[in-house]
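To start, the structure under review is shown below, and the notes come after it.
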Amino acid sequence: MRLSELAERLDAPLIGAEAGDPVIDDVSTIEEGGSSHLSFITGPKYAARAKQSAVGALLVPEGMVIQGKPCIACSDVWKAVCAVIAIFHPAREFAPGVHPLAVVDPTVELGEGVCVLPLAVIEAGARIGARTVIESGVHVGQGAVIGQDCRLMPRCVVLDRCVLGDRVIVQPGAVIGSDGFKYEVIDQRITKIPQVGTVVIEDDVEIGANACIDRAGFTRTRIGQGTKIDNLVQIAHNDDVGQSCLIVAQVGLAGSVKVGDGVVLAGQVGVADNLEIGAGTKVGAQSGIPKSVPAGSTLFGTPALPAVEAMKIHSASKRLPALLEEMRALRRRIAELEAKFSEDQRG
Amino acid sequence: MRLSELAERLDAPLIGAEAGDPVIDDVSTIEEGGSSHLSFITGPKYAARAKQSAVGALLVPEGMVIQGKPCIACSDVWKAVCAVIAIFHPAREFAPGVHPLAVVDPTVELGEGVCVLPLAVIEAGARIGARTVIESGVHVGQGAVIGQDCRLMPRCVVLDRCVLGDRVIVQPGAVIGSDGFKYEVIDQRITKIPQVGTVVIEDDVEIGANACIDRAGFTRTRIGQGTKIDNLVQIAHNDDVGQSCLIVAQVGLAGSVKVGDGVVLAGQVGVADNLEIGAGTKVGAQSGIPKSVPAGSTLFGTPALPAVEAMKIHSASKRLPALLEEMRALRRRIAELEAKFSEDQRG
Amino acid sequence: MRLSELAERLDAPLIGAEAGDPVIDDVSTIEEGGSSHLSFITGPKYAARAKQSAVGALLVPEGMVIQGKPCIACSDVWKAVCAVIAIFHPAREFAPGVHPLAVVDPTVELGEGVCVLPLAVIEAGARIGARTVIESGVHVGQGAVIGQDCRLMPRCVVLDRCVLGDRVIVQPGAVIGSDGFKYEVIDQRITKIPQVGTVVIEDDVEIGANACIDRAGFTRTRIGQGTKIDNLVQIAHNDDVGQSCLIVAQVGLAGSVKVGDGVVLAGQVGVADNLEIGAGTKVGAQSGIPKSVPAGSTLFGTPALPAVEAMKIHSASKRLPALLEEMRALRRRIAELEAKFSEDQRG
């Protein structure tokens, strides 16, 4: 497809056309793409690299020009990228219907256009919304409710009575509704306290591969609308995660944590139980949060401190071994001064 | 059900009956429950919150009174909570029998009352104890031995020759018996050393969702009686975990670690290989244990130190940037004193 | 089997035969083995323990003698260990063929001697190399390409278009080809950017249980030849991992990380996005790497520093609380000196 044709499809102006109208057969990054690839930059800081890139053409923000490269000027570059991806890599289509080797209980309600692939299991009383895809080997437990246009990818597990909103994506191997980790000593034995709550996952959430979302003890664990959860994340019982959060791989939340809207937790962060992370808080990778933090915090370290302070301390700590040396020297000089002074007094 | 009837069923006295005999239809927490809910507190520190709670009634320890709330006085509150949960949320029942779409090798021994759900696989020579439930999509490998009254939840995997005791619960996606991570350079190539040992999981253990328990190189990896392992935990080859331990989410033990009885490892803790964690040790979240620790230790940090010391250091470290400033000032004052003094001597 | 017979099979000399020619029925470690076991040591530092071991005989490096124990002298002990394991614990054999309850699309190309176990799913256009074993419940997506002599263990998932080389082992529950974690704000909504790249896993790689390897945004995530990845590891989109690396359990790499050949990342290490880890680098457990590091680095800590420096700082930090005390004392002594001196001047 000629670049000019792509520009037309995107309904966006072609600029720098004097640099040619190449045939484009794929979309890629400026580092990895070749001459038949369309790439993209989202701001002027990538301009120099884009100019040197081997790609044949670029999507750029309106007002930008990359000398020597034909460009399509976009009001929203990422929106245009998605449109171009849809052209060159149309999403896999799933034909409606239930595979004969899927095991769907007769009491299950299947919405219009639902696709159930082989070896999926949907237990009694579950409801699956219109156009949702249940891929191979998925387990949907008794009475679970899955919204419309969801995609449950191979071998993920949604246990009894959990509720998923619309357009939820569950990556392979994720487990939703496992029991919370709750034991008490009864009659001298560590005894499991049955976890009879559920999980509610709101619209437009994505859950990463092999992530775990435990059901609540009594009420519900909640993942708010639009929140994205990466692979291998642990969300414990009774957590309440707000909207539009980004929870990066291998983060672990202990139980009964309240996470405000728009919080970003970088990879491997840990959050202790029963605390509150104020809206808009950003936490650096591997940090450990031991107590509640106000909205808009930026934190780092274990136990976490304001990020600027944490980095100052880290920086200062590098001088700690030298500091100990110097302390010894100062101590000696003071002792000498004291000795001289008292000698002087006596003299 | 009237509260008075519940009290009778629990065989425990109703107190504060002048506050009424409400109809109770569920059990919940003091924060989340409503007027038709029974909640519970385990000690006086929750009394104020319980009094303000919207719940209709409370389970309380014997001797406690919450003004304005009808209460049931319990000799063991958690035991009563479990009894009440069993009334309002009876555990799911699994009818004995093997689903026609389960794949059970003819050589498998199934105990009385075993339930095998669809798309489970049980390979040759495995033995399944009485009343155990093998849920959908579970894999039980060749020669594995599963005890009585176990529950293997959807899509968990127990590989060849692993042994589970009685009343073991395996949450979805957990893997028992994966190969230990063992490679040696042979003929200039990194070569896998076959892991021919097994895993032994004793009675009353619970394994969390997507947790991994590697088989031993030659003998066995062991999880002791009553130990509870949370989601996404990694237990490596030849680990020997004692009884009644609590191993919280995302903890990782390297190989050949010996964990004593009653050890508590909080979330995301890491333990280096070939060391011993003494019985009753408690390790704070995200800590890293680089060497053996005596029984009864309380540790925190990476590398871990006694928790009190670690917190003192963390606290002191916050003053480190100021300390560096002050060092500069002290150095200057000493230099001035030295100069004045030697001037004075000369003068 | 007599030890002398084993020596013959290994084509290696029996030494210390005056200590007997025991019947050997298994291989074990020097700590765990008994009198009918053959064990092994790889160097003189284990000699004392070997001498005291209960095992009946030993594999030792050429030139070593353990008094009182018959030994087989090996040019490569680990190679001999593998040979002995193969004798006493022959690897499980998988008969070629497709189980009637596997779901293999008619367009799939199966190499000679492939074994597909029950309830595996292989989708349209996938290709499976000769002698590869697809175990129960495995999912192989559309157009995926699996090499020869691979073993895909129960319930692992290889998604659409991913490519595996020869002799790749995927432990249970691992997910290869999940979507990278990539969202941008489009029209005021956090929007998923489709991940249309793939994963390429080269020959002789092993992927641990429940590990996750995300597909690239546009090109490919790569795991280099001979690299071994442990359980619960997260490899993000566009990561490029070199050859012969060891990536221990629960490590997380953020996106677009380039890992050189022969890198060792210990357990729970985290690596930030878009950086380069030079070849041969070794990183201590739980460390966090915030920026690129040159080849041959040895690092520890969060943020990581050269390991020697990090340990010095850790060691010095233990004296920090005492240092603060001492600072106060020095400050007082200086103030006293200053006071005395100025008094002295005035006097």
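The first chain written gets the first letter, and so on, giving A, B and C; residue counts start at 1 in each chain.
The rule is short, and it goes like this: contacts are C-beta pairs under 8 Å (C-beta built on N, C-alpha and C of every residue); 3 or more make two chains touch, one makes a residue touch a chain.
Since this is a predicted model, take the numbers as computed values, not measurements.
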**Study point:** Rigid-body rotation angle, subunit C and subunit A, from Cα fit (steps of 5°)
**Key:** 120
**Study point:** Numbering shared by both copies at the subunit B-subunit A contact, with half separating same from different
**Key:** different
Review point. Using CA atom averages as chain centres, what separation in Å is found between subunit A and subunit B?
Key: 25
Exercise for review: Find every residue in subunit C that makes contact with two or more other chains and list them.
Suggested key: 101, 119, 137, 155, 173, 210, 232, 250, 268, 286, 302, 317, 320, 323, 327, 330, 334, 337, 341, 344
**Study point:** Complex interface listing, subunit C residues touching subunit A
**Key:** 101, 103, 119, 121, 123, 137, 139, 141-142, 155, 157, 159-160, 173, 175, 178-179, 181, 183-187, 189-194, 196, 210, 212, 214, 217-219, 232, 234, 236, 250, 252, 254, 268, 270, 272, 286, 288, 290, 302-303, 305, 309, 312-313, 315-317, 319-320, 323, 326-327, 330, 333-334, 337, 340-341, 344
Exercise for review: Quick one: which bits of subunit A touch subunit C in the complex? Just the residue numbers, please.
Suggested key: 27-29, 32-33, 76, 78-79, 81-82, 85-86, 88-89, 91-92, 99, 101, 117-119, 135-137, 153-155, 169, 171-173, 204, 206, 208-210, 226, 228, 230-232, 244, 246, 248-250, 267-268, 285-286, 301-302, 314, 317-318, 320-321, 323-324, 327, 330-331, 334, 337-338, 341, 344-345
